[in-house]
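Multiple structures are listed underneath, in structure tokens.
Heads up, the next two complexes both have chain A, just with different partners, chain B and then chain C.
Presenting the complex of A and B:
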């Protein structure tokens, strides 16, 4: 394994330190609990937080900013945040308007967040905490770490919509309803061309042959639907697209947002090649692409691979996706 | 009946930790019969952290201490045991907030809240052959002791006996939760490691309170 790392055990801390040093004007960092929160933390709106594991950057520690998350508290690489990280982060955000917990559907995450919520409510009896569970992955029903579907790259749409809606003064109840709606309209599926190596583990999380792909892979390298041989990109897109399209189901005339998300090790050139194929599939089915997102949004360290997400839009959601947002990751 | 003092409550927590550490291998052996043989090591890894950080914890009340223990167990105990044992200490910690002594009635209320919390967290019910059945036996024994107005040490002796008995009562049951449930009827006739642990801890607690 070759990685840019000093002490592998401190990988997450050292990464967060870099993000912090590059954005000291925008972020506050609570080193002990992996917490980032906005330096300009508003006091007049519901505040949104997400934890999940590290290793999925830019999700979630690099998307803290106005119009997106107000705070993040990731755990170690591919590990749910410990309960006290979530609790401390909730305490920082505690305010009269309330707090939203965005949780990707994994057992470890759900238990940690559930406990933190109970403790926070015991400490602040007046604090309103709304919960939105994200489970957009159509690949498998139950998996290594879930009962039910996994939360993957589609979480971007829930974060973006709730970030914008909270800036517009929506209540905890309205935000939970919106989050559940966007989640119910969002479907994703991924494919891996290679494995990846968490720094502290030092070895790949699964073995895969040079000519093999994992269809329906999870963002922690969990098994998907099956192992297959590498095929032309158009065939892979066809399979993922059909699985996603038929699952909701989407229908001709729907307006959608499309995401082609890189898993970390696939170049942007290939992601745009894939987007072209997805755009043609959408045209074939009569789907109008109102917004597109191509790049690394929710990754698995250096894994080569990608996921496709379709999110059905209505005027309300589209308005929130178009609302301004500002995060540390930027190209200009 | 006299109240449980903070010193006695701290002795109970320390005794639970010592029992988990002393029985690491034994609890894992029990788990190996039907499960994945990690219960003892998982539990010990959490309680090792509790012991190591004991001095740094907030000892201003029984509840504050239990909440510190809950955090440590949740974050450092492997597998499903983390949230389960973390919830046991969290719910009792919330119930015993600001208290420096506890009546048996308050202890019963705290344990009932813990049982409810563990059910909610893991989806288990009474009768599923989990540690909930042992905790329930303890609560029922405390209730009988409260009714009979026995001394505090006697109430803990009775509870230990009840918890210890629950391992035999539940031996013939089918495990309905956790990894053991995957074995179905083959779990009949085996001890549940969580129930055994509660029984051993209850016995050690009763003895420690007598010796103190």
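Presenting the complex of A and C:
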């Protein structure tokens, strides 16, 4: 295993410590539960939280800030957060306006969040907790750790919309309805060129040949639709784009947000090359790209690969995507 | 070769096309010379340009915008821009206030930019062209393509400072002096865990064993100080930090900007883990981190690895680092 790591068992802690040290003015860290929450936590709005496995950074520990998540509580690498992490995080956010649980659709996550919600409601009978399940991956119906579709990089759009709408004073019920709408408009599919190695495991999560790719890969390396040989980028984009486009009644004239998401080991030069191909596919179909996102949003450690997400826009959603937001990652 | 690429010979063109399609409102593209310049190119300030090899994205094609570069003119992957690219770009920027050439210290770049400057001055006798040479890499004195030290990720700080100062109306002479000051305050060193493959070459630029690292690697894979075995992250940080820290009279109480830069294939989770270690080293030495930058700023295609940069701050430089800027890369 060739990684920048000290004690492999402490990888998540050590990574979170670096995020915290870089953002002590913006974040509060509850070390024993992997919880980050906003230093300026509002008391007059519904608060939004998410926490799936670690290893998908910047999701979700690095996107806590005004207009995005109010708190995150990730588990270990590629593992759902333990129930008590979710419970403690919910307790920190408990407030009269309520809390939203954003959950990527994996069985481990569903169980931990369901149990934590029940316990939090028992402890705080007046606390309103809204739940939004995210399942944007069109690659496969069921999967290794999933009944139904998986939640992948499209969760960015639900987080961004709900972060903005909650800042504008929307209620728990309104936010759940908005989250379900954005999720229903959002479709993703990915492809892996390489495997990746969780530090504590010390070996790759799957084997893949020097000339092979996994079409429809999951963000924890779950199998996709099939193993294929490496092909020109345009052929890969064609396949992913058609799978996404045909899954929803997209129509010529629709406005969309497009994301080309890197899985961790693919450089931004290749991601922009891919974006150019996706933009041409959108033009062919008559889709107008109102917003584009090219970069690493939801990764799988150092996996080389990418996913494409299309999210259909209406005026409401586009307004929320354009709203201001702040996260710890500094470009300048 | 397993990459997202169509025709390997057209990699740079296809990548630039993606950047352009994602930012048609912000960029103008002169396709035959790999030139991007600001759609809102100012006519009342000194204009700043840079263009080294491609393959280091986001540097420099993706950092053209207000407060950063006014134009970029990269060459092919890991190749200096041909002289006529630099000349054409200089002509586009020619204006009564003048132009700054920012040049990373490699022999190919130095020659191309020197010749282009001479020709531009012959054609525009009144044009003032200021030159700043960037050479922040402390790893080695001379190198494969360099007499003297190499310019690496520290060039971000010179670009950011000059971009801001030029927006505030500074003259060519003032900007050259500022650039030389920031460069003299900036020190970097990197380490590679893997090699990388230029698309048109089709094979790795160097070989490296499964348990080996290259300490002090150049951003084109040039040899560093030595080949070593993989070690815990803290030991790698110790070595790089000490090499940087002892190269300049940093003193306890100094304010610094810290960059942990990914080389393309290393995920942001590992970069933040490394930042935590660098922050602790700074605390040990009494250095106050006024700004931190963690991410991919100057890459080597898909190379796994990272570099650390320390840049000493004074009030003037810190003010420029805090000034507003915009680039094509969208986080939200």
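The working rule: the second predicted complex is superposed on the first by the 332 of 332 C-alpha atoms of A that agree within 3 Å, B and C clash if a C-alpha of one lies under 4 Å from a C-alpha of the other, contacts with A are read in each partner's own complex, and residues count from 1 in each chain.
One rule holds in what follows: a residue touches a chain if its C-beta (ideal position, glycine included) is under 8 Å from a C-beta of that chain, and two chains touch if they have at least 3 such contacts.
These numbers come from a predicted model, not from an experiment.
Of the two partners, chain B and chain C, it is C that touches more residues of chain A.
Judged by the touch definition given at the top, the superposed model places A:119 against chain B, while chain C stays out of reach. Contacts of A:83 after superposition on the shared chain: chain B is touched, whereas chain C is not.
When both complexes are overlaid on chain A, the residue A:22 reaches chain C alone and has no touch with chain B. When the shared chain is aligned, chain B comes close enough to touch A:111, but chain C does not. No residue of chain A lies in contact with both chain B in one complex and chain C in the other.
Residues of chain C touching chain A in their complex: 2-6, 11, 14-22, 54-55, 57-58, 62, 67, 160, 193-194, 210-211, 213, 230, 232-234, 236, 264-277, 279-280, 291-296, 299, 301-302, 304, 306, 321, 325, 327, 329-332. The part of chain B that touches chain A in the complex is made up of residues 67, 71, 74-75, 82-83, 86-87, 90, 94, 97, 117, 121.
The part of chain A that touches chain B in the complex is made up of residues 82-84, 87, 111-112, 114-115, 118-119, 122.
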